[in-house]
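What follows is chain A paired twice: with chain B in the first complex and chain C in the second.
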Partner chain A sequence: MNNLNMDLVLFRGNGREPASNVKTFILPDKCFEKGVGCAWRNGNKFAIYPRSQTPSKTASTDVDNKILNIRQDVLLFTSILRKLVNESNGTYLLLQKAAETAKTTDNQVEFLKLSRQYRSIIRVCIENLQEALSRVQDGVEKNNLLSYITILYSIECIWHLCEILYIDNIPGDIVLPYLLEWVRFHFPCHEQTASHLLEACERGSEDHQDYWITVIGMVVQGRVDVARALMKLHSAAETNEFKLVDNSLRSMPVYSVYGGISTGEFTITWKHWQAECRSKLSSGVLSNEPKLELIMRLITGDFGAFSSIRGDYTSWYDLLGGWVMYTAPWARRHELASASAACAELGDALSNSRLDRAIRALLDGDLYQVIHEIQQMSDNGWFVTHLTDILYHCGKLRILDKHQTDVTNRLRDSLILDYGSLLMEHKSLWTVGLSYLASCPPEGLRRAELILERMPLKTEAKVMRVMAEAKKYGLVDVGVSACVCQCAVQGGVGRLGAGVAWAVRARSGAAAGRAAHAALRRYVRARRLPAEDLLLAAGPALLLHDTLLFLGKYCDFHRLYKDREFKKAAQLLVSLITSKIAPDYFWETLLLDTLPLLESDEPVFSSSDTYEIMLCLELKPAGLDSEKADLLRLALARNLARTVLSEGGENKQTEDGKTT
Partner chain B sequence: MITVLNTIDTGHEDMIHDAELDYYGLKLATCSSDNSVKIYDIKSGTQTLAADLKGHFGPVWQVAWAHPKYGNLLASCSYDRKVIIWKESGEWTKLYEYTGHESSVNSIAWAPAEYGLILACCSSDGSVSIITYAQDTGNWEVKKIPGAHAIGVNSISWCPAISADLNLDPLSNKEAPKRIVTGGCDNLIKIWREQGEQWVEENRLEMHMDWVRDVAWAPSLGLQRSMIASCSQDKRVVIWTSDDNVSWTPTILNTFDDVVWSVSWSLTGNILAVSGGDNKVSLWREGTDGQWLCISEVAKGLGQTPNDERSTL
Partner chain C sequence: MPIDVQGTFVSQKINKVRWIPEDYVETKCFFAGSWDDDENSIKVWGFESPHEDEEVEYPRQLSEYPVDGDVTQIKFTEKNKIAVSISNGDVKVLEVSAYDKHTPLREVYHWKKLHNYGENECSCTSLDTLEGDIVSIGEDGNIHILNGRRGDVARSITGADSCSLHSVCFIKHNEIITGNLRGHMKIWDLRSPDNKPTASFLLAGDELASTCIINHPTQPHIILAGSESGSLAVWDLRVNTFPTSLLNAHSAGVTEMQFHPENPNKLLTSSVSGELWDWNMEAMTKSSKGPDGQLAWLSLDDKNTMMVNSLMPKLHKAINTIHCDKGRILCGADNEAIYLIKNLKY
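Let's look at the complex of A and B:
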């Protein structure tokens, strides 16, 4: 499953054509004979349509009018692999923290710990897959699981070797014990037979069909003690030939950094020992015992001998540990290139799988090539991203482009950005993706912003989730944009109250204005006000926009009226009328709202209020049709008559009070 | 391996000229030589025809979705010299019709939403129109660039708001000038900048040797770099880069076997899709060393079973 939005493509002029990495996807069925166009959806999805540039001259009958929605399959979205994604995310984040502290102190131990953590996550995932494999019946499903397992095995194998060569802290850099451990761990063979034979502990074990292959296997895996123990079980173990070989194996010098001797001294001893073995071989004493002779040839590092047993193993790296052990046990970890070249040439079978090439490149110390190879793996970049990241933080990665500029930083960032963007396509892994993007500022955050803004927001819960995540990374604009869009969506389907609420949440003046206008227009049309509770409680948020403020106050007027607080209602209404912030289309409603108050038993408008209303009525002749205007004029006049009288009386009274 | 999620049988009675997915990828709009615009709702593998819009009297060349903060708005442009803006409120209706061009309107593009509700369109009459919605009055105001390209303008694209002026902090600088790029039948690419009440030609990019068919300004990733892709009848695709939006450097992405009709950037601007007369869509991205590499291509089907691209180690 090759990434459509694949990796930062690495390529250098070494004769490997970049074109060979182009994946061509042939669409099913016959289509797009006359041209094709592409419409992006998001990351790994797009639509392909039969795009034509010119109008057809004749209306043809066989019109290509199908549109294909295409999605790249993403292996990581398989539910069984989700754990890998989630758990490795935790380790990744810890690693970023460790890298932060490593700037001031040496943190290699922590890096090693995290590298092991990654590997154990892969291990667990492989175990889960194997368990699932034992349960499924379906052939296709089985094949899928098997291919995931193959991929993950390879990943773990390469990672482990990488850890030994670049991350682990190896005393004296002497790599042999680690290399042997790696071989034994990843390519275990004959171990079971060996332990079985040893347990049985019977003389004449050579009758077992795998006896010799097991003994030799133990020799090339460097388990000399086991090999010797097995040889003791041979019925001819007491013969001189056996004793001679046993003696040679026993006397083999083993290097230890803490052994108190220098590598130079060790080399001399070791070469001396091997010369002895060779002279024993050439004396011909073993010519009657071909298997023993083979063992002697192997431990003297004879290429022909290794070559002859290559066919018994699936890969050349099965023999790598043995080869190093019997040719250059003092090799340091960056001196393995010649060993890997020799092993790769063993036998006739020229294997050139991706795993082969990646391991060769690793042993050659060519990390550039390693990354190039693992980028092509079918894991959607999980491996290359995490491995590159850890190598980068360990300071072990240095990639130069053709102008010799260091692009390590860019490479690492680009891989993380792609991996993060990929995860953001998934409906529940997007938050994980976000954490990757956020670790790569500034481009990562900008990408996150672009993707988050376009995340379909079907439910309010999703909106809140997106807003919370956006806030976590300081992407304020995303939250605002989400609210403003919700405001438009809710408004579009007539839920104006919700629209206003979203605008207020977004603190967007423009959106609030749009929503408030929509609400007022609907009131004019249908006499229905939205979200009164909300507006009454909105407080300072009303100041976002004049129209919203007006809407809020108008709702307040309705509340007062309903509560029969006519005096207060009337005062508010007058202030709304006189402030002149009402939109033109709302004047009629506003003026007519005075009618019932003017007609109330107790006068609620003072004479000056009445004058104000009269003034507005005359200033806005377009606001009301003449019939309604006349009605209002009449009511206003009557009210004026009432109020002038009573106010006149009151005034007089107070004046009288003053004089007396 | 890729999967065909679903196939939409559009039922258009003639050639399709454009298809665009909305902001969230939930709606698909198509337009055709049969004079109609169709809108589909795409939800989890199924699609339903939401609207069949009739209003044009000629082939419809292009459709464009506005930012959802302005509601569900779709613009379409046609050979009938008209631009129509459609709005969904309950159902789809015509919101506004612009008839200011004297010839076929070839391309339309909504401005970055930060600028407001603004649509740019370009025509075979050689001119470009910028139509702005004024919220207070509810009217559409038009500014025109006459004679933008001799013989005709084929394509138009907006500079993202965030990179409008690379020397300034884009987030705090609301006054960054608006820019658009156009490609025309005079083989030229021109960049226009709004200056006061007018649009002025800021730059002309010469490289193509035949009609420029499509131009696309890449989404900004907050980097100090602007990028434009252009394609032409001369079978070439050129990537123009600039770090100040003033001086531009061309890189030929590739010379194809046939005319290239369209270029489009992915959402995050890191992948360019190129499609043309060779019936293929190829996806390109920039390598570490600035070289452009094809990473995959989707080819027309020949009626065989799809090849399984799955590779394991």
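Let's look at the complex of A and C:
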């Protein structure tokens, strides 16, 4: 069998972008020559095979008679990303607990904490990836790591914005300071140059090639103080033009919720300030200093100015903070749509990456679109699952289907179920997957049941662990079926004692019966009783099945016989014979076991016992061949002769009464 | 200083961790054996602080030794030699270089398919060591006594148990105790030639497996066994054959127990339920003196006097292993992380 390792991106049909999501993979042509067949295997695997085959006599190495196993290459199963999977699982479970308590109390702070925890997990993962990147030599590996890093960067960026807009509790909903922080955090360009220049603190810093770009970058990121400090380092900083701009920057009103003035009041002051700036600009004093003029135009929120610097930045959202700051600093969370639309149209390079679209949708408040976009990211659903879950628990998610019914619940569940099932496929991560499935009852548990039942169990340690997990989530059937399987496995390798033990654990009468039959048959064949240690100490567990009980008692008989307690042994044997629960194939053994006891020096069977044995012997003619039967009849007759004589006359009368 | 817990994710479910003993300095390095993955290995890790002055230490992988199957037990035979049992039925003795921990582990002895079902593979579930002697047990119910110095099989008890064996412990040089799937405990005298246990008794009435056995470091006649149900049984082998105490402890199976090497009154236990507990056994030993003037262990009804602390917030996944050295505890868990707990008072 060939294992083709492929990155299969399966088409998710939600109709928005059809063809672009379909990837084509070329399989060897010969596969298809004879009519191809396809079958699903467990998880995201399927097999492709030639449907009609002509058996070839010579063993060929061609592909035509091969089965191709095709599986999805799961990014999350790479060693570094497994840390992300495991660590985030802990946070996810904490979140479920927090959500449980949030039903009675407001728990927004807790959610924010957990959201930050998620982000720090992503950050750690990025750092790990970067460290790994610095170590690898192989080109392909390097590319892979780079693409992982890109994916995680986008995830971090979107998550942070999402946290600001939906999870964090922002005073007065004034989002600007948070937005600026977001821009600074994720697009820290120019920061280094700025600090470098400030540290050097030299007059005439404009000789540095990035001087103006840095100053403008600082203005756009809303770091007015830094921009002003940098401008002071210009050799012409004492000129009127510089002083004018510096003055304008300094006098810019900054809104603060706790500042004691109302939004309306602030708006008036701010508009007044901006009008002043505009008048300075139109007076033409700055016409000799194009860079200063640009700064003035930027702080007056001039679209053309922003457009002109767009080329210096990789994305439109680098400018988002600045745009909001200089056009509508009082903007609330839900008022960012127009800002994002304006920023997206800056410049002529219309970028339309997934990240762009996700951020646009986020600012527009269209969470459905956000989920749709991030679902397409090739992180195997890690991001979309966790983000949707936290938004759902924060109560910020409301998705309606085309009939206007609320399907938020179902959306969240389906994402978690997909993610959980994906992890269950992995040999080691199944416990993680299980905890996701278990958080979506009832369907999750049903799925878990189906997957757990099909999980290969190679060692008892794993069986016991599966049982412990099943018990934790109340999946009784899984525990039982694992035991029954293990019973069969142990029976198969001839470990009958272990087989019985597992059957007893499963409380399965049928399995116990099978194991007991196997033990009895083995005794008939090999004359060695398996699992004596177990049977003698088993106690009430033997009641699970008649045959098992019989086996236990028979074992007890052997013990008594070995201990030379012939009287007790004989009594037990007679009760075994008369109870008639012995299986047919065992009658011969059972009857012949009476022989040595019949021949013992002291008679151990009473006459009535002897009659019973005789009766059974005649009732089961198929049990013994004639020679052995005759031998036994002889022994029985002799025993009868001994016992009838020794038993008293009174006794004899009752015996007669019984037999007639 | 308060107890400090610090976790590191290692992308492998860890089944066993063991500090590598050092002579005069604080232990820095440890073994970690993984389980239940496509590829398993024994790794040597060392703690390093990235910045000299910082308190925080991060484990860094020093070497890796791949194994074919789950690592089920790691025990030291000598200071730098470990005996390892593997779920494919093998037992290995591996040596770590005393000077450079980066050098890969060297295989000293390898008993291939020591435990087997004939042709079929069978897990070697655990082993114990005592001064170079190794006793290994398996799902096949056999016991093998191995000589870790010469590398031969000194004695085999085949068919020692009709069920699979899951835990073993040396009581003396010539005496071992085993526990099976049903919690059936048997004591074996290695000098006696016939393959019969000298004593046998049940761990508890629930017929669940005994997952680990240890004996008390200063009173070797005291035996403790952990059960799959999470309870803890204590026997005094001098007195009788039923447990002196049966404590309902963890909510799921006990995975490993260790008496603190410096303070025998301190017991550490880990559990499938994700708990890591620190028991103060002082109350158990001190309270009463038996008629012969020797210490007697408390019986069942006084268990409320026990002092139990949780050392770590409960994990969502099973903790499989603990190992303690002075004030530092290592534990490995199914969430693919290794935790270092510092500043334990003992």
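Just so we're on the same page, the second predicted complex is superposed on the first by the 602 of 660 C-alpha atoms of A that agree within 3 Å, B and C clash if a C-alpha of one lies under 4 Å from a C-alpha of the other, contacts with A are read in each partner's own complex, and residues count from 1 in each chain.
Here, a contact is a pair of C-beta atoms (placed from the backbone, for glycine too) under 8 Å apart; a residue touches a chain by one contact, two chains touch by 3 or more.
Everything numeric here is computed off the predicted structure, so don't read it as measured data.
Peer 1: State whether chain B or chain C is in contact with more residues of chain A in the superposed arrangement.
Peer 2: B
Peer 1: Just chain B (first), just chain C (second), both, or neither: which does A:S79 touch?
Peer 2: A:S79 sits against chain C, while chain B stays out of touch.
Peer 1: One more residue to check, A:G172. First (chain B), second (chain C), both or neither?
Peer 2: Neither: A:G172 stays clear of chain B and chain C.
Peer 1: Now for A:T431: first (chain B), second (chain C), both, or neither, which partner does it touch?
Peer 2: Once the two structures are laid over each other on A, A:T431 reaches chain C alone.
Peer 1: Looking at A:P530, would you say it contacts chain B, chain C, both, or neither? Reply first, second, both or neither.
Peer 2: In the superposition, A:P530 contacts chain C only.
Peer 1: With the two complexes superposed on chain A, say which partner A:P290 touches: chain B (first), chain C (second), both, or neither.
Peer 2: Neither partner.
Peer 1: Once chain A of both complexes is superposed, is A:G311 in touch with chain B (first), chain C (second), both, or neither?
Peer 2: neither
Peer 1: Between chain B (first) and chain C (second), which, if any, makes contact with A:R41: first, second, both or neither?
Peer 2: Only chain B is touched by A:R41; chain C is not.
Peer 1: Of all the chain A residues, which ones make contact with chain B and with chain C?
Peer 2: Comparing the two interfaces on chain A, one with chain B and one with chain C, the shared residues are 493-494.
Peer 1: Along chain A, where are the residues that touch chain C in the complex?
Peer 2: So the residues of chain A in touch with chain C come to 79-80, 82-83, 86-87, 89-90, 93, 427-428, 431-432, 435, 458-462, 464-465, 468, 471-472, 490, 493-498, 501-502, 504-505, 530-534, 537, 541.
Peer 1: Which stretch or stretches of chain A touch chain B in the complex?
Peer 2: Against chain B, the touching part of chain A is residues 1-6, 8-11, 18-19, 21-43, 45-56, 59, 63-73, 147, 150-151, 154, 353-355, 376-378, 399, 401-403, 407, 410-411, 414, 417-418, 421, 442-443, 445-447, 450-451, 453-457, 481, 484-485, 487-489, 491-494, 510-511, 513-514.
Peer 1: Applying the document's contact rule, which stretches of chain C touch chain A when the two form their complex?
Peer 2: Per the stated touch rule, the residues are 9-13, 35-38, 70, 72, 87, 117-118, 120-123, 125, 139-141, 161-164, 166, 180-182, 184, 186, 200, 202, 207, 209, 228, 252-253, 272, 315-318, 334-337.
Peer 1: Looking at the complex, which residues from chain B come into contact with chain A?
Peer 2: It is residues 1-21, 23-26, 28, 30, 32-33, 42, 59, 67-72, 79, 88-90, 135, 162, 213, 219-223, 261-262, 264-268, 270-271, 273, 275-277, 279-283, 285, 287-289, 291, 293-307, 309-313 of chain B that touch chain A.
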